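The following pair of complexes shares a single chain, chain A, combined with chain B in the former and chain C in the latter.
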Partner chain A sequence: MTRVLSWLLSALAIGAFGFLLCVFLFQSGPVWQSEGTRYITGVSWFYRQDVFGALSLIYGSLAVTAVALLLAGPLGLGAAVFLSEYLPQKARLVLKIPLELLAGIPSVVFGLLGIALLRDWVYRTFAKFDPLSGDTLLTAGILLAVMILPTMVSLCDDALRSVSGAQRQAARALGLTRAETIWNIVLPQASRGIASAFLLSVGRALGETVAVFLVIGRQDNNLPHPWYSPAPLLEAGQTLTTKLGGAETNIAFGDPLHWAAIMGLGVLLLVLTAGATCLGTLGRRRHA
Partner chain B sequence: MRRGLDIVMGCVAGGCLLACLTISTGLVWSIARRGWGALSFSFFTEQIALVGASGGILWNLVGTTVLLSTAFLACAPLAVSLALMERVWLRSESMKKALRLGLYTANGLPSIVFGLFGFLVFVQWCGWGKSWLAGGLVLAMSMLPTVTLVVLERMAAIPQRYIAAATGLGLSQSQVAWAVLLKQSWGGLISGSLLGLARAAGETAPIMFTATIFAGVTFPKGVVENPVLTLPYHIFILAQDSFAAGVETKMWGTALVLLGLVFSMSVAALPSRLYLHEESDV
Partner chain C sequence: MFENIPCKNIVLETLNLEVQVRERTILQNISLQVASGEILGIIGPSGAGKSTLLRCFNRLSELTPGLRVRGEVRLMGSSIYAPELDVNVLRARVGMLFQEPVVFPVDIRENVLFGARRLRKLSKGEQDELVESKLREVALWEEVRDRLKQPAAKLSVGQQQRLCLARTLAVRPEVLLMDEPTSALDPRSTSAIEELLLEMKSRHSIVLVTHNLRQARQIFDRVAVVCLRNGVGQIVEQGESAAVFNAPSAPEFRDYLGQASGM
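Showing the complex of A and B:
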């Protein structure tokens, strides 16, 4: 009885997730047939003309994630180094509590904080570049950086502590200072765990919707010219998730091709986040 | 020189940690400072009025509670079954590994994906329209991996000799599951669910297409076309409007209430969360 029940319920749970994948794949079918690879490489998205090119959305997602990672990466790693290498066990646990609480702030409240604190700051700070408003890719990236910071610290801390204490003692006994031990022994050995901390944070940043939605400006078809130009960072943009969270999802339902294009964005998002999370998890597991 | 570098390294790392802690406490303080003024007894007992500029958030609290209870009831049996599957019924090591990897990957899926799935399946195909049940089920799906993983960790931490003793006494696998595994991991289910619910309580993306509207409903009376008001969606809508002074205070008040709700759930689950971070290897 127990056995049958747990098989059934597990099948239901796994089935639901499998169904989710199938729904996204099949529902996005028409757009892959109609647009082919242009769906990914196309630079314009005009749904009234049935033109669906998701490149600017992919760019938006990657750009805000990159900004977030550039800011939160070094800061989080530094904090993790101090937590794991300099502090005694008790102090570590106490200091981790506020970080866990930061992780608990809901994304919509982060969005609100972004509107209230960050938007104007970005507008004023970068005034000489003449941004149209404070709703920019950069604003979204900075906000995301704060949001992924706790994940980053927590996972980097785990990675650093998985290096055995004997290695540190040996290094210190050979006369290395604490800083040299960290640079030459601990960080190289923890590099794999740190890499997966970055990957898991990337997964989180890519999937974040509501907070980014509130501060990014949601302007379609914003791409850099030439491709390496940082100018679009100070303009409004759009990411995969903000597109999905916007009003267009409601409009699209009913028009098969437009709906397929929306579901296609879901597929892209699933591939990117699942890829990052999966790699990150595998890396951690082998490392530990 | 080496001594100097050593000191610099400590200062930089300490500075990073200090910055993280300042950001975290600063943000919480900034929400509390702005929202404190809105809190009063009537804020919790009145319904919304004047597009959020007046009245309280009674039905938003009720709606969020309805969604969370539904999500918990739908999620808990599935999480326990999946965990038992991994611990007891699945024999092959590679199947177990695949299940665990699947859970970790599903744990990282963006919540908007669940929202779209719910919109298509429950709202459109099942014809429920915006409904509390659709929202509850979508939230249940989004928190299922977290809850399962916590229960799983707790079950894996049960000493092997308990299971050996139970088996030695002649208990069948099902009896072992009930008498040892489930009995010893109730705490895991509770704290895992609290963690999952804390996250679900603040989610906007999964419920905005499936379950919630801004105003005009009270307690749901059926399933079809029975949306609820929720705290996160309330904030989400108000945040996009211009900030009239009255709205702004109420909005921050709502944010503070939501934060309080989420924090109290995470704090209740905090000991086991820290413990998990200390002990788990994946």
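Showing the complex of A and C:
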């Protein structure tokens, strides 16, 4: 019974998502026709000239997410290891409460904090690279890292806790130290859950809009040369979400091609976030 | 109640051991000795503190928050609580087997090598040798020699328990602690383990907890009976296994025997 129900609900969810994707795909039709694959690979976006290349937006989203993950990943996993393996059970439960609270703070609050505290800090700290302002991809990435950190810690902690105590005990009884037990027993067995924590965080970071919007500078067509250069991180940039959240979206609605280009960004965003979230959820499900 | 074991070396002994959880005393006044080459059995009703006692011998008790152990435990004459003693080295010297076999989610070979590899550097050849000799020692070699690279979890529960034993033996413990090692096993695996114990006791001293009276009578050399007295676990009787089982004197133990055989 529950199996049928869960299967039905899954089907419903997938159906709803498919429907959503179809709407977006249909509405973005004209831009795929006019730009083809250049819509994804094109480096410039000038809507007044009807040039729509989303690459810099994709780059912005991925760069910001990468920074966030690079910072929040190790930190979150480290904190989770401390929480789950070193702290007594009671302290762990007490600490999890503020974590959940932090995860529930509206993202605009983080955005305001970013403006108030982070922007100037980035500007001053990286002064020798001469950034134009504190509104940069890096700033947005750091802010995102702070935002996903609580979820990261919480999910990683769940993953570590799901490793049975008997495994730890057997390892300790063989004479392994606590650190060796964590390294050889706990982390490998929690790896699926940890991977899914990372993926769910990626989904969250890719989709985050308001907080990023407030500190990223919203500068189109910022791409690195060569592609691996980190220079654009200290420049203002634009992500899929900040583009969609900006004024251009309202302007676009009157013009079919422009609107299609905007809806196309929606398709990209949906596919990226849904991909990350689905993979993450699958990993979590199979892990549990 | 204290009996000395003349002309045999004491490997492990406790003196006035007392265990408390928060304010509650679980075990008190525990004094026992394990000589080399013998199986000391611990028997008694459920909840008397047998598992807790066993975990004091390799300081695994320290992993349980709130547990306080007082008194003395000596391994080869020196205190296991001595400040200069490395508790992880101690745990390698005093191996432990649990009620449910706990195999690690790696292949059979890696399971055997798990603890050993950490204690000493092993060449590939030495590893192969160790894996084979330990699996032979637990009579598992013939059954698994063709599938050493397969996940250990695929083995039957009885085979898993023997694998766990091989893994423990690979770190060359002086004492083996076993907490109802056969209670999750079928009769055939049980007798396999029992044969192994009898065969192994010349090399390792063994402390064995069991609820299986037949097993206890057959393979214990000496026995310590742990029962609740005034709500606290204590040794109510100990001595040569045959003597204790044939003429039980402590009323708690008689009750236990009565219930256990009545079942």
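Going forward, the second predicted complex is superposed on the first by the 269 of 288 C-alpha atoms of A that agree within 3 Å, B and C clash if a C-alpha of one lies under 4 Å from a C-alpha of the other, contacts with A are read in each partner's own complex, and residues count from 1 in each chain.
Criterion: contacts are C-beta pairs under 8 Å (C-beta built on N, C-alpha and C of every residue); 3 or more make two chains touch, one makes a residue touch a chain.
The shown structure was predicted, so the numbers you read here are calculated from the model rather than taken from an experiment.
Contacts of A:L174 after superposition: chain C is touched, whereas chain B is not reached. Using the contact criterion defined above for the overlaid structures, shared-chain residue A:I185 touches chain C, although it does not reach chain B. Judged by the touch definition given at the top, the superposed model places A:A13 against chain B, while chain C stays out of reach.
Counted by residues of chain A touched, the larger count belongs to B, out of chain B and chain C.
When the shared chain is aligned, chain B comes close enough to touch A:V108, but chain C does not. Looking at the shared chain after the overlay, A:I194 reaches neither chain B nor chain C.
After overlaying the two complexes on the shared chain, residue contacts for A:L160 are found with neither chain B nor chain C. Once the two complexes are laid over each other on the shared chain, residue contacts for A:P88 go to chain C alone; chain B is not touched. Looking at the shared chain after the overlay, A:A63 reaches neither chain B nor chain C. In the superposed pair of complexes, A:R204 makes contact with chain B only, with no contact to chain C.
On chain A, the surface patch touched by chain B in one complex and by chain C in the other comprises residues 177, 180.
Touching chain A in their complex are the following residues of chain C: 58, 60, 63, 65, 88-92, 95-96, 98, 100, 102, 104-105, 114-115, 118-119, 164, 167-168, 171.
Looking at the complex, you find that chain A touches chain B at residues 1-3, 5-10, 12-14, 16-17, 19-20, 23-24, 27, 74-79, 81-83, 85-86, 93, 95-102, 104-109, 111-113, 115-117, 146, 149-150, 153-154, 158, 162, 177-180, 182-183, 200, 203-204, 206-210, 214, 241, 244-245, 249-250, 253, 262-263, 266, 269-270, 273-274, 276-278, 280-282, 284-285, 288.
Those residues of chain B whose C-beta lies close enough to touch chain A in the complex are 2-3, 5-6, 8-10, 12-17, 19-21, 23-25, 27-28, 30-31, 34, 77-78, 80-82, 84-85, 88-89, 101-102, 104-117, 119-121, 124, 141, 144, 173-174, 177-178, 198-199, 201-205, 208-209, 232, 235-236, 239-240, 251-252, 255, 258-259, 262-263, 266-267, 270, 273-274, 277, 281-282.
Only residues 88-89, 166-177, 180, 184-185, 188-189 of chain A touch chain C when the two sit together in their complex.
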